[in-house]
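Here you go, one structure.
As written, the chains take the letters A, B and C, and residue 1 is the first residue of each chain.
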Amino acid sequence: MTDRAEKPRLAVFKFTSCSGCQLPFLNMETEILDLAESIEVAYFAMAGASQPGPYDLAFVEGGISCQEDARRIRKVREESRILVAIGNCAVYGGPQALRNFLPLEELKRAVYPQPELIHCFPTCQGIADYVSVDGFLNGCPVDHGHLQDYIVSVMLGKAPEVSTRSVCLECKMKENVCLIVAEGVACMGVLTGSGCGALCPSFDRGCYGCFGPSADPNLKSFANLCRELGLTEEEIHRKFRYIVNNAEAFREEAERHVPQPVES
Amino acid sequence: MVLQGQAGENAVVGRDAFDEILARLQERGYAVYGTVNEKGTGIFRPLGGAGELSLRCTGGTLPPKYLWYPPSETMFTYDRQSGALRSEIEPVKQAVFGIRPCDVHALLALDEVFLGGDYPDPYYRARREDLPLVVFNCVESGDTCFCSSMGTGPGLDHDYDLLITELDRPGRFLLEVGSGLGGELVRDLRAEVARDEDYQVKHRRLEDAAANARTTLETEDLPRLMSEGHGHPYWREISDKCFGCANCTSVCPTCYCADIFDETDFSLTETRRKRRWSWCFLMEFGAVHGGNFRERRIDRLRQFMQHKLNFSVGQYGRFHCVGCGRCIVWCPANIDIAQTGRTIRGDA
Amino acid sequence: MPPDCTCQNPLVPSIVKVVEIVDETYDIKNFYVATDQGIPFEVLPGQLCMVSLLPVGEGMFSVTWQAEDHLQFAIRRVGLLTDALHEIEIGQELGIRGPYGNGFPVRQCEGKNMLFIGGGIGLAPLRSFIKHCFRRRKRYGQIQVLYGARSVADLCFKQELSVEWPAQPETRIFTTIDRPEADWDGKVAFVPAYLEELAPDPENTVAVVCGPPIMITLALKSLQKLGFKDDQVITTLEGRMKCGIGKCGRCNIGSEYICLDGPVFDLAHLRHLPPEW
């Protein structure tokens, strides 16, 4: 109803990340043809597009880990009407944010033969720590259905809606047998936002929390549940110091279980 | 003897009768669903043959509800170029082989929601009008079943096409024909005459199942007591444990809350107005402009239980909790709706 | 657009066109909608309709007035759907379903004095009742309207408030804003405080209250202080509505659905509903 005369310009950027959040765009095989009709992919390095800005809708994958990242994200923000953080790294800093909890110099020396060549910030953060962000799509990687809904909403001129229900609902809709109830596995699905289709529980692995905290996570109750299932404080700590370690709720819960830093 | 195939007719049959009944349903064009053994529990599935059928109490995961009320459906399509709205509702032929009394009561509750009042729902009607039910009475009680408390089991004596009760000797079932269609499904089948002893066995088994219920809830005056107990400290106790995960409501056979929204694909040419299951546990459920009237978990948990044990009585004259016990089985926080009812009303 | 599509299917809308759009304030527009034959259906004061702007979505709006040949919806710009609605132009097609809800008790109030208390966009549903009273002026007693908004820019239906309604017989209009402004020499006060100051007589009077939740809460308290009994006070509730026909459960509160049993409730009734409201 609010058809645009020109096609909106889409951009996809990568920062400190694995590139996995760009793949859902490329994996939208049938939809991608329709997408090309209605939207202009102006910048998407992985897909070979590299036109300069401005852009109407920019998706950013990756966290901000170094000076170069910080400079580039500010430029992307200036050039983009709508900026959306996609995936764990852009939203929360990613698995690599685990280094936020360790002294940087020690870490560099442990990993690199010439640590003096490594220049980076002491922490890796999500992009909202550096620029204002218009939308957040969690995931590791982001769900292509969420991307699709977001793009269509912008094209139709309506504000996108993103829901954060728990993974449990996805498990139930697939008729999975609950791992907590039936097998005593401390599955984080009760705390985690939906979007992956309950992928890991469908293969009998407890959820790892990739999509970050759901809308109203009951961390205290989950910690009690873990204890009842026989986990030690150390093991509970590690559950929250994992893929989405830098989401506030998970970060704070990890701190409640092991006051001292983990040995590397 | 050979069955005449008339409503009101009773006989004793073996398991082989199930094969024939199922085959006849399929010949008549029905997609037949029943409980199969899978993943260590009873799961509700399309049936190929009666050999797949499990006699265990369902309680599986999702109840049969999705047959008459699907998790998501398109209500109409809107062509963005022409502006035309199109709604196509085709009748659906499905049958359930082995539905339990509690789930039949849940179906009757949803009939009132969707077909009662001033706005009967044509999408529900298309799936409900032609729905043969072969009901299995429950001769054993599951750990969390409290149908006998809620008046929804373990036996049923209405709303069935065929009613089957397992008797003492395995492989012998009392068959009761409840309708013309039920009769057609069993006409000319070989069977034994149902004797007095057989009826006595049926009644004894049902009474035993009720007496052995390990979960109970006194329902006398329950709605009023639940209203008075709206501020009971127990709500805080259970909501502190509760994850707000909505596992309970997702397996409930009477939950009907929905989300209605518009979906458009990348081509931008067609919009679909869709309805999908939603749950009062979700944060977004109570969100209105400028606030959320059920932001706290305690309010959402309480809404769920109050609706099942109290508000539904005011709205529809029946408890929407049918005592199936699924929510108790699947709650990862060990919250129990029957225990909540007992605590709020002041029983042990 | 074949009419068959919508009869007997309460979830499929019929189509209306926007025939006029009046800017009431910077964020409230009054949309006049009609079919080629005029109004799509009769609406009682206080009833609601589900209005669709495909492909954005559908929302529940109260009808602010049923005129001879069109329906009026006063809609404030507050989110996803209303943002999109505010961008449309005259001639736009909308979907409409309704009328839903119980409406105001216009017959039971005949013979009574009427006290309308509104805040912000809350005047929109009240307006349908107010204009109904003026249409049948002799059937109602004294009419008082107490209306307040945050600022002068937020006052809606200014023409009616300042010119047409005060001209009606035995009618008094009191308008107020929250904070002083340079070009405003009228009253400055919050609605509940102004209400207590005016101290209307509860004798044979019905108070009809509509506005933001906090205003309603305080106004109800003030009315109680002034001696209004619970059955003399009515209000309308807002909820998250999706189907409008009592099937989706979203507007369930206690043993009621706002879309079927409401949105109009009297205070005596409201006291029996769960406290989260």
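By definition in this document, contacts are C-beta pairs under 8 Å (C-beta built on N, C-alpha and C of every residue); 3 or more make two chains touch, one makes a residue touch a chain.
It should be emphasised that the depicted structure is a prediction, and the values quoted were computed from it without experimental measurement.
A comparison of the A-C and B-C interfaces places the larger number of contacting C-beta pairs at B-C.
Of all the chains, the one whose CA centre sits at the greatest distance from that of chain C is A.
Look at where the CA atoms of chain A average out and do the same for chain B: the two points lie 38 Å apart.
Mean C-alpha positions place chain A and chain C at a centre distance of 43 Å.
The distance from the centre of chain B to the centre of chain C, each centre being the mean of the chain's C-alpha atoms, comes to 40 Å. Listed for chain C are residues 54-57, 79, each touching two or more other chains.
Of all residues in chain B, those touching 2 or more other chains are 80, 261, 264, listed in ascending order.
Counting only residues that touch two or more partner chains, chain A has 1, 156, 161. Looking at the complex, you find that chain B touches chain C at residues 75-76, 78, 80, 83-87, 89, 113-114, 117-119, 121-123, 230, 256-262, 264, 271, 273, 275, 278, 280, 285-291, 293-294, 299, 302-303, 306-307, 310-315.
Interface of chain B with chain A (complex): residues 39-41, 43, 60-62, 71, 80, 240-247, 250-251, 261, 264-268, 279, 282-284, 297, 329-333. By the touch rule above, chain C contacts chain B in their complex via residues 1, 5-6, 8-13, 15, 52, 54-58, 78-79, 93, 95, 212-213, 238-240, 242-243, 245-250, 252, 254-257, 260, 274-277. Chain C contributes residues 53-57, 79-81, 83-84, 87-88, 92 to its touches with chain A in the complex. Residues of chain A that touch chain C in their complex: 1-2, 156-159, 161.
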